[in-house]
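Next come two complexes, and both contain subunit A; in the first it sits with subunit B, in the second with subunit C.
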Partner chain A sequence: MAEKKTNILRDNPLMILLLGACPALAATTDVRAAAGMGVMVLAVLLLSGVIVSLLRSRIAAESVVPTCILTVAGCTSVMQMIQEAFLPSVYNMIGIYGAIVAVIVLTNRFACEAVDEQSVSETAKAAVTTGLYFLVILVVVAAIRQVLGSASLAGLSLSFLEEYKIAAMVKAPGAYIVLAIVAAVIGKVSMKKEKEEK
Partner chain B sequence: MENKKSGMKFLAAPILVVLVFAVVLTGLNAGLGPIIEENKSSQAFGPLMAVMPEAENFELVEAQLPDTVLAVYRETSGLGYAIRCTATSQYSEEPMEMTFGIDSEGRICGMQLDVYKESKDFGSDYPLSYVGQDSTLADVGLTAGVTYSSAAFKDAVADAFAVLIENDLIAEGVKGDGQLLMELLPTVHSGLVLGTVGQYEEMEPSGSMVSAMKALNGSGFAYIMAEGDASYLAVANNFGACSVYNTEGVDVTADHAALVDEAMAHAAEHGTSYFDAAKARFEAVMPGASDVTAVEGIDSFNTVVEAVTFRCNGSKYYGFYSRSYGYANEPMDIYIVLDENGAIAAETAKELILHGEYFNAYTLDEPAYKAGFKGMTADTWSADTAVISGATMTSNAMAAATEDAFAAFQSIQNGGN
Partner chain C sequence: MDNSLILVLMAGILANNYAIQNFLGVDSILSNGSSVKKSLRLGGFVTLIMVISAVITWPLQTYVLKHAEYLQTLAFVTVILIVAAAVEKIAGKSPDRDFLLFAVNGAVLGLCIRNAQTGFAEAIFAAAGAGLGFLAAMAVFSSLRDRVEEEEVPEAFRGLPVNLLIISMMSLALFAF
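== the complex of A and B ==
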């Protein structure tokens, strides 16, 4: 089990493969948006993974990709609609990037891989783990960017930081910088763990 | 047959997924659609509902709008109108935005400041002071020290009322005499205003006076005075001149001698003499100046606070000391010397750039700038001469002072009052 956790940490799609980086960069200007995006990705991963896993026996080898794309797109639409109805402020913060979840490699790759998984429960477990890591990383990146760039956190003003705001943090370069730092820290931790286990 | 089977299997899963999601999304749309619509409606009309809580719904009013009015909405049950406005002052980091409601009687029933990022804060009470006002905005003033922001705010609200009135949506409010008279002030005594913003302090009124105002730059006084049932505006300058106007802006000085006497007596009692300061300055500006004598009876009402004549190198000169409003609305001390033909012989300022610490990159060649005024007359004068790049307020003050000096000189030439 420890082996599995370490691998997920090291092989986290966002950190290592930079899959899903587009919405990760766009949604991390505010912790609430990041959390909304993270939950949405988690739900899409879980739903699409389970659906594809259930349909596994009926999917021809040639139609795996179109089936996965359609499933992810459908799940994304469902989640967007739920978010728009019950979390309209988060929906507005995420904006167009919510729909991008339907086409990012992270979700589609995961759905396609679900065809080869052993069972629905295993797929669901993998979806939750991947989604949770994605969610946590997004929230961490957003928290760093929001505190340093806007002197606030989830709508709460941190007035004592007002004078030290770094404007670049709320822009694209700031997102890349923070993402790179978080990826480096995770890389370092996972390497250390691997060494210890060896 | 095998191919057909294979093709069916290829299509089965995608078609199944499409059908399932079509059903799910249709169901979700039926269930969540009304909630989503309600959310959208409350987002769009949220600020409008805040200023008109009893409103049922709003619809956009199609009308020609000035830049300051973002949108006008009609409340569908007839409660009135909700308006979104924007305003920008020189202290704006980004434009202010406000929403306010106007009831069917044409009075503001709610006011909310949506965006306010000014370097000077006029306080949360200021927008609320508009509630209850009609289109005349009679009882709304400007916030001391935040005059530009509050004036921009007030102008935007006035623009919104103008839109409603022009489109026959509400009836125009009736201005009171006091308001009509105060609106005359910029045209009858420019020393008490900067643009349309009053630059005066209120004084204790006496006798026929309803209100008394003293110019912040010491250039004179204004009084709202009552005689019988009518109200008048009397203005006095530092040269013993006084004019009286009725609510239509007509000069009725000749018909109201008692009011003139009363205003002049008050002005004489509370006025400030600038003769000593002016004499010392003109003697420094024009070395060899002698016989410096104060000029009385000038009937121009502007920023000139003192006027003198003197002789220098055998010629007669006129010196005008203006205290027009410069940076941060503070009066500057500007000295203009005209020769007998009305041409500028010298023009200088005690401190050309007030608060120079804010002009770090200031590279103005002051001697050359001042020399640029020389030789200009009222006929050849151009305000471009006074322009200092990056110092608009100072440029405007220098231009105003020069024009006021020309006006005072003309008054002397015409024999004054």
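== the complex of A and C ==
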């Protein structure tokens, strides 16, 4: 097995953003979709982390990755079904990206790291922190993109911005640019924090 | 050969590029820090995985999963995982953690899910197109990233933000198609 990389995600919002870039870009055209996606990722992280860490002693070293990937896929399916049953509008908004949660690096790597964690409660704590970071970032990015790109926010239209819409914001290039700026702000803030700690 | 199949292939590489325009698997590209040469190799493996997965998942979807839609995600991920492990075995290395995490990505799963609604020949061509598109995106991205002089970039933008800006320019270029 390759060297163990523990706690790579802990308290590192930039890393979370990097590994979860796919849904962070795709589900941020609408704040509701972003919130739904964020909650889904949080739930998948928590569920798969707890399951993997309960099974930790029974997973053979060479089958860690396949076990984690399949656990995450199972948890994602469960969350998709729950979402389809109770929040069909969000389910339709997210589309196939709901299933993609099963294969993004963020969820899979988190599950793999849960194998090396000390206890179930620690894994659960890490899952909630990671998920909340991700949820907040997603909602912020979505709010910026939706206000600038389609002059509305979570279904409410902001008519005074109607003439100043930036069409590229709802398309792929705008998504990357907004995410880059948000990532730079996060990087700046965490750099400042580090300097203060020193 | 049918012209529409060529169109499907070209769309996968350019206009409908999975990683750049649809964000599928972009996390794998961003988190992979290897050189252009290694990126080409990895992209080639992903293309192979896409085509083989498409060959397996299309009949699986058409004949089995249409009776049990809710199993789609789990079944597809299982197939992709097995194919990825097999490809790596054939390629001569034992499956390690990072390759599987890289190869089982959103582009492959997204392709399999989208292919479910098309015909078999179209599915194979879409897989080849998506794979080549992914390969091209990876190679171009790693080459551009190598050319960015880190010292010239403002401190806060180093790392992920500037990489995202590189991809945003690539996606602007693809808008032309």
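Points to keep in mind about this one:
FYI, the second predicted complex is superposed on the first by the 181 of 198 C-alpha atoms of A that agree within 3 Å, B and C clash if a C-alpha of one lies under 4 Å from a C-alpha of the other, contacts with A are read in each partner's own complex, and residues count from 1 in each chain.
Following the convention adopted for this analysis, a residue touches a chain if its C-beta (ideal position, glycine included) is under 8 Å from a C-beta of that chain, and two chains touch if they have at least 3 such contacts.
All of these numbers come straight from a predicted model, not from anything done at the bench.
Judged by the touch definition given at the top, the superposed model places A:M81 against both subunit B and subunit C.
In the superposition on chain A, A:V103 makes contact with subunit C only, while subunit B stays out of contact range.
With both structures placed on the common chain, the touch criterion links A:A114 to neither subunit B nor subunit C.
When both complexes are overlaid on chain A, the residue A:L70 reaches subunit B and subunit C alike. Of the two partner chains, subunit B is the only one that A:N92 touches; subunit C does not reach it.
Using the contact criterion defined above for the overlaid structures, shared-chain residue A:V170 touches neither subunit B nor subunit C, since it reaches no partner.
In the superposition on chain A, A:A184 makes contact with subunit C only, while subunit B stays out of contact range. In the superposed pair of complexes, A:A60 makes contact with subunit B only, with no contact to subunit C. More residues of subunit A lie in touch with C than with the remaining chain of the pair subunit B and subunit C. When the two complexes are overlaid on their common chain A, residue A:I144 makes contact with neither subunit B nor subunit C.
Residues 66, 70, 73-74, 77, 81 of subunit A lie at the contact with subunit B in one complex and at the contact with subunit C in the other.
Contact residues on subunit B toward subunit A in their complex (touch as defined above): 6, 9-14, 16-18, 20-21, 24-25, 28-29, 32, 35-36, 39-40, 43.
Residue ranges of subunit A in contact with subunit C, taken from their complex: 1-2, 14, 17-23, 25-26, 64-66, 69-70, 73-74, 76-77, 80-81, 96-97, 99-100, 102-106, 108-109, 112, 171-173, 175-177, 179-181, 183-185, 187-188, 191.
Residues of subunit C that touch subunit A in their complex: 20-28, 30-31, 70-74, 76-78, 80-81, 85, 95-98, 100-102, 104-106, 108-110, 113-114, 154-162, 164-165, 167-169, 171-172, 175. The residues of subunit A lying in touch with subunit B in their complex are 51, 55, 58-60, 62-63, 66-67, 70-71, 73-74, 77-78, 81-82, 84-86, 88, 92.
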